[in-house]
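Each of the two complexes below includes chain A, the first together with chain B, the second together with chain C.
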Partner chain A sequence: MFFSTVKMGAAIGSRKAVGSAAAGNGMSGAGLDDVGLADTDPTADDLAVRLRGVTKQYRRQTALKAVSLTLASGSITGLVGPNGAGKTTLLKLLAGLISPTDGSGSVFGHEFSPHRRAMVFVGLMPEHPAFIEYLSGAANLRAFAAIRNQIGEKEIADALAHVGLDANDRKPVRAYSQGMRQRLSLAQAIMEQPRLLLLDEPANGLDPHGVVMLRDVVKDMAAQGCTVVLSSHLLSEVETVSERVLLIDGGRILKDLSLDEAGSLEAVYLELIAEHVR
Partner chain B sequence: MVLELLREKPRGRVVPAPGFPLPSTKLLFRLAMFEARRLLARPGAWIAVALVSLYATSALFIERDAVARGSSVDPSAVLGAAVGLQTLWLLVLVLPMAIGGTLADDRASGYLSLQLTRGVPRSLVAVSRLFAAVLTALATTVASVVVVLCVAAAAGPVLFAPVGQAVSFAPELLDTRPLLWVLTVIAIYTVAAASVLGSSMFVGLWFHALASRIMPPVSVVASAFVFVGRLTRFSPFERVSFLQIFDADWAAPIPMLIYWGIAWAVVACVVTVCVSAKEG
Partner chain C sequence: MSGLFRALQHETVRLFRDPRWLGFCLIALLSAVLASGEVYAESANTGLAAGAFDVHAAASNNLMYLGYLLFTAFVFVVGDTVIADIVSGYADLVRTRHTSAHTWWFSKLFALVAGAFVAQALFLVLCLLVGVVFQKWALSAVPSAMAAAPIQMRRMMLFPFVAATENMAFRQVAVACYIAIGFSALAGLLVALSVRVTKRVLPVALAFLGLMADYVLVKVWDPWFVASPGVRLMEGIHARMEVGGEYLPLQSSLIYIFAMFVIAAVIGAWQIRRAEL
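Showing the complex of A and B:
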């Protein structure tokens, strides 16, 4: 298996346990605002993410408004919403890049609050991948891997192969197409086997083969117990890979849908967003 | 301004999760070396070295010819490599213009976010980049000095001519221990350039990369018009163009090193606090 050789014995062990435990309850998470969350959740041990009334304010703009949410370990959750809805802010919060202005929460048990960011290693695939342009794809991954010093050449080559890139390709990233950059970005997000994978518009610029590869990677990761959150404007893509979909607008979770009840996501989306705008 | 920022955005208390890299000297070294390599891989760094070295060696030849024609005011003072070395201070201004703005670029592109998701403490990111600035400044200064010394040696007639008391920085040191004099000059230029590069990082937290390249060198030059009279000794511009300030008591190796050392430490503290606050 792709990640079977990653040198993170303890982490793998603990994650597998969480993943297998989570397999049964799949989509136990729910949005507090809309569907309620008991203070004593019996499945709390299996929760990857728990947000309680999280608000994020940038000067005069409120990006997230009292968002409450739980995500089960090993689940795949899609975030959809119009531009400026707060999707990227939510991903940044989960990635520990920002702390909330109000509210609290935890990511794999690591608490965050207005004075504290979440500090759990996550795999983040940003909307606009950023690399060192004159280095090759493999060299860029090596530079990131050197920070945690947990994986070696083999894992980097495996990650690149998994997304359809060649580890021996010496072409600098500046010569990459947008699709290749997306693939490289996905490789950097998954190469260190994160417990939480955050994908922001991952299908941007990917060709049809790339989109299929993306689906496979997301499903593989989730099958291994990794919690995946992906934000996308491509509703069909979200519908295809996600078990659960959160519709966000104006910094609020408008609807928390499981795949079964979603029906046509596009119809639900358009109706809800239109209602919200009114 | 910094206090206001800290009040608005309290710094996150970092509790490293298992598997996260703990702040350590090894990690700091890895990050600093990586950032220094990135800076030195920029063509701008070596274009700056080439331009400043060209200017410095030109000055060396011009002065040599002036001595040959007998038109120099003090022939004994202007021969040799010291002439070229005294014009290398321009590197302190040119280097940030050439390679400053990396932090602003990385923040804008999202590269910094990818580093931070791997658990690098914000403060360590700042400190590693400050050390990278020192390493880069050292490498470029040494390269420029080597070029000047080589050209001076080839051009002759002497590498280090006897110098006049009136026109040299630390003349006794240059007369008696020229190698130590050169090392002192390198050290001063290095710390000065690292300080200005550090200021570039500070500016880059709020402004576009281009502004972070231009504002610090312009501020250094502008200080010549702000620090006048008794305040001259505090002027970064006067301190960086020190070889021309031969009659000031503060234009001596130790006070110069202390001045720029303090400047770098202040810049480092401010940048570290601001990066931690701004990225929290």
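Showing the complex of A and C:
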């Protein structure tokens, strides 16, 4: 294990503190500082992610607009929103693959800066995972693992077993089904025991057994102190696994809600998106 | 440093596992056979005995044709090394494991340089094999009668003048290295320029069109002679050849190629940063 286990109580406590917070977008409530999670917050040390007014502008499109957000260590947060809402951009920002155009933030205390590009303690499962097609699943993971050089064969085999794949299967990835590719992608994301696990549409192409496996993996990782952020169009899946959900549209966080307080996520989602469209 | 070393290793191994190298091998073999045919005809016409190294010497001196073919084949293999990863999403998985985007870019560039040297080594070996196996010529470091003959005795300008005392093995290995450096610089520039245009076919299309444009410009616009990448590559080999007195010195061509490589590295690093994978 490469990270210390964080007590879940503190994480859940932080979650409740931001349960009704909006994201500083002026649409539905207070910004970050207004809900007591500024630097002076006693639980601030347990924060995995802190974003302050982060904007991400592409050439002609603003993908994120002044997003403020905190995520507690060991928490599970769901991102939901329509296509193009900014979910993937937010995940890429947290992964260090892109930098904010404006605003500031940090991941585990590492501030965003023009030189901060990628986070070595992040596990990312992208929406469209790509592998070396002519290698087996295990060989692909070995190739990825060789870059950080933190884990060995045992960890790779464990990660594959965790997602229901066989480390001894020599079948090339090109022969994998969509579901198997998703499992392999999840395995590469978790194999190095990341402190922040980012999952972009992880349930895509998974069969019912795969969805159950995904739930188990997410909960296991969170139980070990890993902060999980997952983006999905499957509201029921997000509702089942997440403790907190961020509803995003147009680059803004429209609603930040704790699921034990919310009713039906679907009803809230449809109402908010409809309101935002109006 | 160990992170950079592992990145270099990762990208180099990936590049050499690419099945498209088979296509390069076929093109290289075709080029070697064509060059051996030229040497055979020259040998038959002049009555001068040829050697296996002459095949590589002739092919290397034919950069306007065989060289263009080989370069296009090389870019076909390595040109989309960055674009393909970005388009497929593989870059996301690799980049989160690197400490910086530049580490990733320089590991790509290193792999490309390694690929260029291996490609030229492969081509040299294929030329020798064709000379020895198909033409039954001797594999000797001593220059053949045809290689050492005065220019006037040759009907075709197949390969540059070779001093009778020269070691052909050393000479052709040096030529292969020189062309590998040139290929690295040119291919690196194409890769760097196409990073943000996510069309996988772009580098190889640029290579083909660029070489055609180079060929035409050399013919119709005299000042281009000094700037032409094709001429620079060829002139490096011609440098010791006294033909009409007009040639570009090897040193200036080396500086030209090295400068192009540095420019490619800088442009690539800048483009990768702007691309925000």
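Going forward, the second predicted complex is superposed on the first by the 232 of 278 C-alpha atoms of A that agree within 3 Å, B and C clash if a C-alpha of one lies under 4 Å from a C-alpha of the other, contacts with A are read in each partner's own complex, and residues count from 1 in each chain.
Note that in this section a contact is a pair of C-beta atoms (placed from the backbone, for glycine too) under 8 Å apart; a residue touches a chain by one contact, two chains touch by 3 or more.
Not measured: the values here are computed from a predicted model.
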item	value
Partner chain(s) touched by A:Asn149 [first = chain B, second = chain C, both, neither]	both
Contacts of A:Ala161 with chain B and chain C, given as first, second, both or neither	neither
First (chain B), second (chain C), both or neither touched by A:Ala267	neither
First (chain B), second (chain C), both or neither touched by A:Ile132	both
Partner chain(s) touched by A:Met119 [first = chain B, second = chain C, both, neither]	both
Overlap of chain C and chain B interfaces on chain A (superposed complexes)	92, 95-99, 115, 117, 119-120, 122-124, 126, 128-132, 134, 143-144, 146-149, 188
Parts of chain A lying in touch with chain C, wherever the complex brings them together	92, 95-99, 115, 117-120, 122-124, 126-132, 134-135, 143-144, 146-149, 188
Residues of chain B touching chain A in the complex	10, 12-21, 27, 30-31, 34, 38, 41, 106, 109-111, 113-120, 279-280
Contact set on chain C toward chain A in their complex	2-3, 6-7, 9-10, 13-14, 17, 19, 85, 88-90, 92-101, 276-277
Chain B-facing residues of chain A, complex	8, 10-11, 92, 95-99, 108, 110, 114-117, 119-124, 126, 128-132, 134, 143-144, 146-150, 188, 192
